[in-house]
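So the structure is just underneath, and the comments pick up after that.
Chain lettering (A, B and C) follows the sequence in which the chains are written, and residue indices restart at 1 in each chain.
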Amino acid sequence: MKRLLALLLALVMVFGLAACGNSAAPAEKPAEAPAEAPAEAPAEAPAEAPAEAPAEAPAEEIVINFPSIWVGTDSKAAYMAQLVENFNAENAGAIKVVVEEQTDYQAYRDKIRTTITTGSAPDLCILDTTFDIKAYSESGKFMDLTPYLNEGWGDTFADGAFDAWSVDGHTYILPFESAIFPLIYNTKIFNEIGWDHFPATYDEFFQFCKDAKDKGYNAMGQMAGDNAWSSMLWYSLIVEAIGGKDVYANGLQDPAFVEAAKVLKEMYSYTFDGAISATAGDVNGHWLARDTAIYLNGPWWIGNLYKEDNAVDGVLLADDCDVAVNPKYEGGKGDGGLVTTVQGFLAAAKQDDPAKEAAVVKFLQYLTDPDHVSELALSSGAMFFVKYTPSPDTSVIAQKFTEIANNANYTVLHVNGAFPTAFSTEFPAAVSALVLGEVDEQGFVDMLQTAIDNAA
Amino acid sequence: MSETRVHAPLHGRELVLAVLRWILIIFFALYTLFPLLWLAVSSLKTNFEFLAGSPFALPAVPQWQNYINALTVAGLGRMLLNSVIVGLAATAFNIIVASMGAYCISRFRFNGREQLFTLFTAGILVPLNALMVPYFVIINKLGLYNTYGGMILLYCAIGIPMSTFLVRGLMDSIPIDLEEAAYIDGCGFFGRFFHIILPLSRTGIVTAATFEFLTCWNEFVFANLIVSSEKLRTIQVGIRYFTNQFSTDYVSMYAAIMISIIPSILGYVLFQEQIIAGMTSGAVKG
Amino acid sequence: MKLERSDRGPLWAFLGPAIILMLVFFVIPVIYVAVVSLMKWNGISAPEFRAVRNYLLLFKDKAFQRSVINNVIWALVAGFIQVPLAMVMAIILSRKPKGWKFFRTVYFFPQVISGIALATLWRAVYNAETGLLNGLLKAFGQGALAKDWLGTLQTAFPAVLIYWVFYIGYYMVIMMADITTIDESYYEAATIDGATDFQQAIHITIPLIRRTSLLTCVTLASVMGLRQFEQVYMLTNGGPANSTSTIVLYMYKKLQDTNYGMASASAVILILVGIVFIVCIRKLFEGRGEGAAPRKRRAVK
């Protein structure tokens, strides 16, 4: 009984502790994390301030809540943190951007989706193509940036950057980080296989694959596990090569999708064992272990090529790498196109208070300032929709990426941006079913179509 | 208990059983220690070794740096403290509420009793991922977004079905005559609860408390959803600090996981030693 | 015990907090989910009523069918293989062999290890090229059996299920705690009658825990089997070709698609399947045998 009493006593003490914690947390909230129900809270404070004391005392500090995924191990983390710090210093007393660090993509998406659904969207957030940008733009929950963009801000962005994402000529959600998907290949492995150039056509490509296999190398890394990221990228490339510029005009009806499935399936004969269950870690591991000839991923991966940790015998991986464009497909409509996607959109919640709206826009303009973006690009290797002069210190591989982007005849979206999220969610199941022979090429496309229909 | 029993020399079937018993004991021990060992070894590799090398090879040079990364970069100390605070408080509330409820359901016949218990049990089945939207709204409306209170309340609540189920299961096996005798002696509702039922259902309560605490400790989705301030982050959010869709620092993540496991194992060992000692020396009256 | 009038007030005071929490955090949210399951809703546009269409779409979807079957298998394996294994170990350890305290603690470890770590480890064990399992097979000259365990239709689900079956610590601890409360006199009498340990387990221990911790564990394990999500999500994400999918994983994917209607409908079906399970298990344990009445607890002084 005594022991039990002691236990109960301990529990009561814990209650006390918790109560202290409770009362402490809200006290520090206004300064530290004013995230609570942004939809309601901001209406009061700043709205009164200008009315009462317009000329004299500065308005109460406006706090912008910004849950961001560009933190932690993200390559943009360091410079983003510095940008926010500088902005806060420049606007000390007037505006304060508070970053809520979010590191897990899926959890971040879940949280953003939930807050937006419940009407508590954060002041500023980062969206990607897994969100239905059109529906979000139409929802009326986001700030209409068109008037500000028309005042010259829009000219700092790449031509046509907003076209695919605007609704009735209005831009609510700003495409910011872009990505292109050229092919990186290991020249040392190519030499060992006896190839001195990158295949220019898919016929040649499969000849290369056979040669690589004979020499014990994987031609490329495929993965159908997790989100099947690598295979989805390859699929986009093949779809572009076969279907060309307008491949998405008729949804999944274009015969290019079935044809591309056949090519993708064949590629699984030239990747490492266990690709069906593989994840990004496996694909990256094989590429780093120098047993895979070709690597496909976005520009954010360039930094890893230069990392000392990934060097073997003191030779950086980048020193053995070159960059190539998507091969041509015999009889295909593709002609020098480039697969791209929007890696990050910036979305600002609609504000009732004009002062706050102005503050958010000010921060957005600061963030997308060409000089800042140039620095951000240099430090992270990432690419952006803002027009900027690349720094002369840019790495060789990154320069080649930019060159490819500049020389592309046209761009085509990566499938994950071209179709609703349901496409991407279903893709791993569909591609593993295809490769394991559960469905044929048409069945593969049907699976994806059904998933899209169910969600629509 | 068998310490007091006298064993005859083993032979025949007994011997086979004894050998079998030890094979089982050792198999399960190896099976359960293996992940821990692997994790410890992996947390000392370089990211390159982990990705490009064999998953079961030893690191060339142990990378203690990973632990320093985990502790400094993600600020795990504060997060551990938060997890302890939230876990203990939620468990305490949860166990008190659940054992009071279980007592009523287990010991008294009243209208709607069975329906009530079915409702509680069905609660165990609810996939909580589906409730992100309602939970977010509830916590927000209560003004508990971004507070310890919000997490404690939510964790306390989502564990109620499980705890009630576990505690009631045990209370049901306590013979009713003990209580009836006490009732005749003039022991009231509360007296019977505190002096008879609670002490006798300690096993159930400890089981439920362990489960509840581990649930809180390992919960991630809601910890991330209903908190935004870094000062209130729990350890599971910290572990994810090293994962990123595009560049996962696996080894530092493993170091962070190791750091997060050590207190729970220590806590479990201590908790277990004390509580189970209390359980087995059990007594009706103190 | 019959409810006396004087107990009525305290009774509702005791039940009150639990009932309020259940109402706010379970009943109301589940009603919300049930309502959404009749809607077409993407979480941002206006919801559209579409009656049972979401349910019809679910029943037509092969991935969902597979998820339900997997969950049922999982629940059965958990309740009728995993728990009995745990029971055997609980009986063995409650006999207090050398180092039993150490083993009891060790068996519990997997429960405190983060799911991410367990999943990555088992991915590594099942890996086609560098996996431990294939390595062992090759070492024993069975290299022909080596395969991509998580990437083969026939082996992926068994692989996900089997590794997990042996993590019995939690149920073992529950049953051990129960066994230690069995009065010593039962065993003393049996020992005098010459009953072996094995006979004592069959005739004393199991009947005495059957209605208590064994029922609790079987129910718990089955429900956990039905709710299975995290391990599958991290080990296979339901692949290959949905062969390892579960209802909650399916639901989670529909949430990602902002298909709130179908996600909610699958949650409702999970709850219904679960209730059937719980009722059947109760019937099974109540129906058979002489029904162990509340028993003597040990060391009451």
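We take it that a contact is a pair of C-beta atoms (placed from the backbone, for glycine too) under 8 Å apart; a residue touches a chain by one contact, two chains touch by 3 or more.
Not measured: the values here are computed from a predicted model.
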item: Neighbouring chains common to chain A and chain B, by label; value: C
item: Chain whose mean Cα position lies farthest from chain C; value: A
item: Pair of chains whose C-beta contact count is the highest in the structure; value: B-C
item: Inter-chain centre distance, chain A versus chain C - centres from mean C-alpha coordinates, in Å; value: 36
item: Chain B and chain C, separation of their C-alpha mean positions in angstrom; value: 15
item: For chain A, residues that touch 2 or more chains besides their own; value: 110, 117
item: Multi-chain contact sites of chain C, meaning residues that touch two or more partners; value: 43, 127, 255
item: Of all residues in chain B, the ones touching two or more other chains; value: 132-133, 250, 283
item: Of all residues in chain A, those that touch chain C in their complex; value: 106, 109-110, 113, 116-117, 130, 132, 135-136, 138-139, 141, 224-227, 272-279, 282, 420-422, 425, 428-429, 432-433, 436, 438-439, 450-451, 454-455
item: Residue ranges of chain C in contact with chain A within the complex; value: 42-45, 57, 61, 63, 123, 126-129, 148-153, 156, 236-242, 245, 253-259, 262
item: For the chain B and chain A complex, residues of the former touching the latter; value: 46-48, 51-53, 74, 85, 88-89, 92-93, 95-96, 132-133, 136-137, 140, 143, 145-149, 152, 198-199, 202, 220-221, 224-225, 228-232, 237, 240-250, 274-275, 277-278, 283, 285-286
item: Chain B-touching residues of chain A, taken from the complex the two chains share; value: 1-5, 7, 11, 14-15, 17-18, 21-22, 25-26, 28-29, 32-33, 35-37, 65, 67, 72-75, 100-105, 107, 110-111, 114-115, 117-118, 120, 280-281, 284-286, 288-289, 297-298, 300-301, 303-304, 309-310
item: Residue ranges of chain C touching chain B (in the complex, touch as defined); value: 1-3, 6-7, 10-11, 14-15, 17-19, 21-22, 24-30, 32-33, 43, 88-89, 92-97, 103-118, 120-121, 124, 127, 130-132, 135, 166-170, 173-174, 177-178, 180-181, 184, 187, 191, 196-198, 211-213, 215-216, 219-220, 223, 226-227, 229, 247-248, 251-252, 255, 260, 263-264, 267, 270-271, 274-275, 278, 294-301
